[in-house]
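As written, the chain order gives the labels A, B, C and D, with residue 1 at the start of each chain.
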Amino acid sequence: MKILLSNDDGYFAPGLLALKAGLSESAEVLTVAPNRDRSGASNSLTLTMPLRLSEHGEQIYSVDGTPTDCVHLALTGIYDNPPDLVIAGINAGPNLGDDVIYSGTVAAATEGRNLGLPALAVSCCGTRGDMYYESAVEAVRQILGKLSSLKIGANTILNINVPNLPWSEIKGFKVTRLGKRHHAEPVIRAQDPRGRDIYWVGPVGEQLDAGEGTDFHAIDKGFVSITPLHIDLTQYQAMASTEHWLQEL
Amino acid sequence: MKILLSNDDGYFAPGLLALKAGLSESAEVLTVAPNRDRSGASNSLTLTMPLRLSEHGEQIYSVDGTPTDCVHLALTGIYDNPPDLVIAGINAGPNLGDDVIYSGTVAAATEGRNLGLPALAVSCCGTRGDMYYESAVEAVRQILGKLSSLKIGANTILNINVPNLPWSEIKGFKVTRLGKRHHAEPVIRAQDPRGRDIYWVGPVGEQLDAGEGTDFHAIDKGFVSITPLHIDLTQYQAMASTEHWLQEL
Amino acid sequence: MKILLSNDDGYFAPGLLALKAGLSESAEVLTVAPNRDRSGASNSLTLTMPLRLSEHGEQIYSVDGTPTDCVHLALTGIYDNPPDLVIAGINAGPNLGDDVIYSGTVAAATEGRNLGLPALAVSCCGTRGDMYYESAVEAVRQILGKLSSLKIGANTILNINVPNLPWSEIKGFKVTRLGKRHHAEPVIRAQDPRGRDIYWVGPVGEQLDAGEGTDFHAIDKGFVSITPLHIDLTQYQAMASTEHWLQEL
Amino acid sequence: MKILLSNDDGYFAPGLLALKAGLSESAEVLTVAPNRDRSGASNSLTLTMPLRLSEHGEQIYSVDGTPTDCVHLALTGIYDNPPDLVIAGINAGPNLGDDVIYSGTVAAATEGRNLGLPALAVSCCGTRGDMYYESAVEAVRQILGKLSSLKIGANTILNINVPNLPWSEIKGFKVTRLGKRHHAEPVIRAQDPRGRDIYWVGPVGEQLDAGEGTDFHAIDKGFVSITPLHIDLTQYQAMASTEHWLQEL
C-alpha cells in the first residue's frame, strides 16, 4: 500500500512522525508537508508564487506552502503513479465541529480527494503537553485494515478524531456528524508595545450542538469519532426553495 | 439596511468599489477587506498573529489578513450591532464548480454565515481586462430586493456568478449546482534564475460535469448563476454506509 | 530632472504622496513602492520568489516586495534610461542614529546608489498624528536645487531627517554624524490569547551619543539633519590592527 | 566560553550544525536561528508582529523571524548573562563584496555587535553540492583561539569567508576589503502559468574590483578572507565636503 502523508503542523511535527513510524511497517509512505506550522490554512492554494521542495531524508519533503499545496504538488508533481491513499495528520489537537472549515489537516485530505484518492484526516484531541499519538496510530491501523470495503463515494473524506487517552481506555468507534458551536468570542483588542491597536482572533464559542451523534459527544465519551465530510459544497436541499424564490425575482 | 462588504482581491479592487458605489444609495455599507490580493486564501483564519486595521476614508478599512479574518474582525470587533447582511465581492473572475473550495470570496461569505448572518458571494465571470461589474451590481440589487423572502436555512450561503456581459444581454437567473472539473493539470516544473527547481500550481482541469443544471452551464448560456452552498461539511448521506462498515471494524 | 521615488511605508503613504506632489512641478517622477508597510525591512532583497508590479494610476506602481526590491526592479526593469536621482520617503517617523541600519527608507536609497545613482533618504521626525510633511518637501526642494554641486563620491548617500515643525520654525541645515543609543530594551514577553509565549521586539534604547554633531542633536535643536552614509561596509581603519593580529594566528 | 550561534539558512542547515558540533567541545553553544531559509533578509527586524520561539532539542531554538530577530531575541530575552561572542554561520555560499549588504548572515553578526558583543559572520564559498564545512570550522577554531588579543573596536565585526576546499589546500588567512561588482544584471521578466508578468531579481554583476586586497581575490587564491566591517554607517570622510556644500544652500 502506498500512502501520501501530510499535515498542517509541519514536516517535523511529532504527530506526523508517530504516524509515519506506525505506518511504515506495512506501507510505503511518502511525506510531503509544510516547512512550518500552517494550522488554520484551510484549503488555501498558492497560485501567485512558485513552490519549492526540500528533501529531509528519504521520502520526506517539505514545501514552503500550505497543506493543500503539499498534497497538490505531491500528487501532480512527485508521484509517477498515484498512491492508494492520502492521510493528513496526526494533528496536534482536535478538528471537531464547525471549526473543521478552517483546518489545514482536513484541507490536506480534501485536496487528496479532489485529485481522486481516498483520504483521511486524523487528529489527536489533546492540548499541548502529553499526547497519546499512539492511540491515534492504532485507530488508523484498524481503519486501514478495513478501508477497502468502505463505500462512501468520490465526494467524501473521513475526519477522524481520537481521544487523547491510552488505547486501552478508548471505548470504540462512532460515526458522527459535526457538532456546532455558538458564535466565536469577539476579537481581543490589545496594544502592541508601540501603542498601536492590534486584534487577536478570540477563542471559539461554547458548544451549542454537542449532543448524542456529534463528534464532540463521541470524543467526550471516549470514542474515536469518524465523520464523513463532503467536498461538494452544493447545498442540494436548498435548491428547491431557492428555485421557488427565484421565480418571484 | 446595513451591509458588511468584503472580498479577497483587496480593499482597492474595482469590483468591490463598483459594488460599494451601487449599494451605497440604498444601504449603509462598511467595507473591511484585505490590504492586498488574497485570492486563493480559502477559509484561512489567522490564529498565531494579531491583526491590524487601517482606515482608508470613511467606513473603509483594510486588514493585514485573509478574507475570513476581515469578516471575523468586522463582525466581532467593529460593529456594535450586527449588520443585516454580508456580501463578498465583486470578485474579478468566476468562482464556479469545485474550485469554490479555494475561494477567498466564498470564504468571506461563509464566515459571515458562521457568525450568524445571511451572506452572498458575488463574482464577475470575466478574465482580466474589461469587466462588466455593473451587471453584477444590478444582479445583486435585484437579489437584495427579494432577499427577505428567501428561506434557505442557517447553514447556507448563496454563491452568485454573473456573466461578463452588459446587463441587457443577460438572460436571467438560474439556481444551479456546482459543476465539476477533471483533475487539475500537473504542477509546472521550472527553474528560477539561480538554477533551482520551482513548481507552479498548474491550470484547473477541463470541465467534467458542466451540463444542464450546473453553474458552468448557466454562465455559458448567459444566465446569472445562484448556487446555494452549505457551510456544514457533514456528508449526511454517507453516514449510514459508514456506520454499516464500522460494525465490521 | 527624472526622479525615482520609493519608500518603505507603501505606495499610498501620505509622506510619499506629499513629496510626489511637491516634486512633480519641476521633475518627472516615477513612483515604485511596496504594496504595504515594509518598515524595518532594511536591505532585504527577494531572491527566491518573483516580484509582481501593479499599476495605480499614471507613473505609480506597487511591488509585492521590499523597498530594495522596488528600487531594483524600477532601475533594472522599468526605466529604459536611468533617472537622475533616487529619493526614498518621506518616511513617517525619524531615521536617526544606529537605527538606520534597520530602515527600509535608507535601504531604498542605498539600492539606488548601488545601482549607480545619487540617492537621498528623507524622513519626517514626527510620531503619528499631525505631520509637517510640507517642511520635508521644502527641505528636499532646497537640497535638489544645489545637488549638482555636491561631491560626495559614489559610495555615499544622504540621510535627511526633518524636524516635525512648520518650515518657518526650522532653523536651517546641519551636516551630522549618526548618534548612538544605549542597547535596545529587552524583548517584551507576553502570551497570546491561547496561552502561548510571544515576544515583541522592545523599544529602542536611550540616547547615548546625542551631543553636538549628531543627527539626534540637530533634530532636537530644530535643524534639518543631513548625514552622509556610506554603502561600503569595509571598516578600513580596522584593517591594520586586524592585519597585525593576524600575523600571530 | 559561551557562544550564541545563528544564521540565515535556518536552524537545520548543515553549515550551522557543523559549526555547532565543532564548537561544542570547547564552548557552551546556544543556537537561535530562523525556522526557515531567510537568506537575503539583511538587517530586517520584525516590529509589527510578535515572535515565537520553538525548542528543537537542548539549547536549540528556532524563531519565526529574521536572523536579526533571532539574535535580538536571544540576547535580550533568553540569556540571563550575555555570552562572550556571537557567530553567524556557516553560511552555505559566499558573502563577499558589495553583496554583504543584503546578507542575513552578516546582519546576524551585526545585531550581536549592536547589542555589545564581539561578532563573526562565517561563510563557506561553495555553491550547492559538496561543501567543505569542516574547513570553515577549522578557520573559526583558529580565529577563536586568538580572539581575545584582537582589538578592533566596538563598531566592527569580522566577515569571514572560507574557500570551499579541504583544509590542507587552504593557503592561510588574509585581511581584506570588500570587493566590488558591476551593477547587477537586469531583472528577468517572465510570465507565470496564468499569463501574468513576473520579475525575478537577476544575477549579481561581474566583478569590478576583485584585485589584490579584496575578499574576492583572497578566496580566489585559496585564502581565508577576513574583512572588518563597521556597523556605523556614517561616512565620515564625506562630512567636510558636505559641510562645505551646505554653506551654499
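Here is the rule we use: a residue touches a chain if its C-beta (ideal position, glycine included) is under 8 Å from a C-beta of that chain, and two chains touch if they have at least 3 such contacts.
Quick caveat: nothing in here was measured; it's all calculated off a predicted structure.
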Shared interface partners, meaning chains that touch chain B and chain C: A, D
Longest centre-to-centre distance from chain C, chain (CA-based): A
Of A-D and A-B, pair with higher C-beta contact tally: A-B
CA centroid of chain B to CA centroid of chain D, Å: 45
Centroid distance [mean C-alpha coordinates] between chain B and chain A, Å: 22
Centre-to-centre distance between chain D and chain A (centres being mean Cα positions), rounded to whole Å: 40
Residues of chain A engaged with two or more neighbouring chains: 47-48, 50, 52, 192, 194, 200-202
Chain D contact footprint on chain C (complex, rising order): 37, 39-48, 50-53, 66, 68-69, 72-73, 76-77, 98, 100-102, 106-107, 110, 114-116, 142-143, 146, 149-153, 155-156, 158, 173-175, 177-178, 180, 183-187, 189-190, 192, 196-202, 226-239, 241-243, 245-246, 248-249
Touch list for chain A against partner chain C, complex: 48-50, 52, 188, 192-194, 200-203
Residues on chain B engaged by chain C in the complex (per definition of touch): 12, 35-36, 47-48, 56, 64, 192, 194
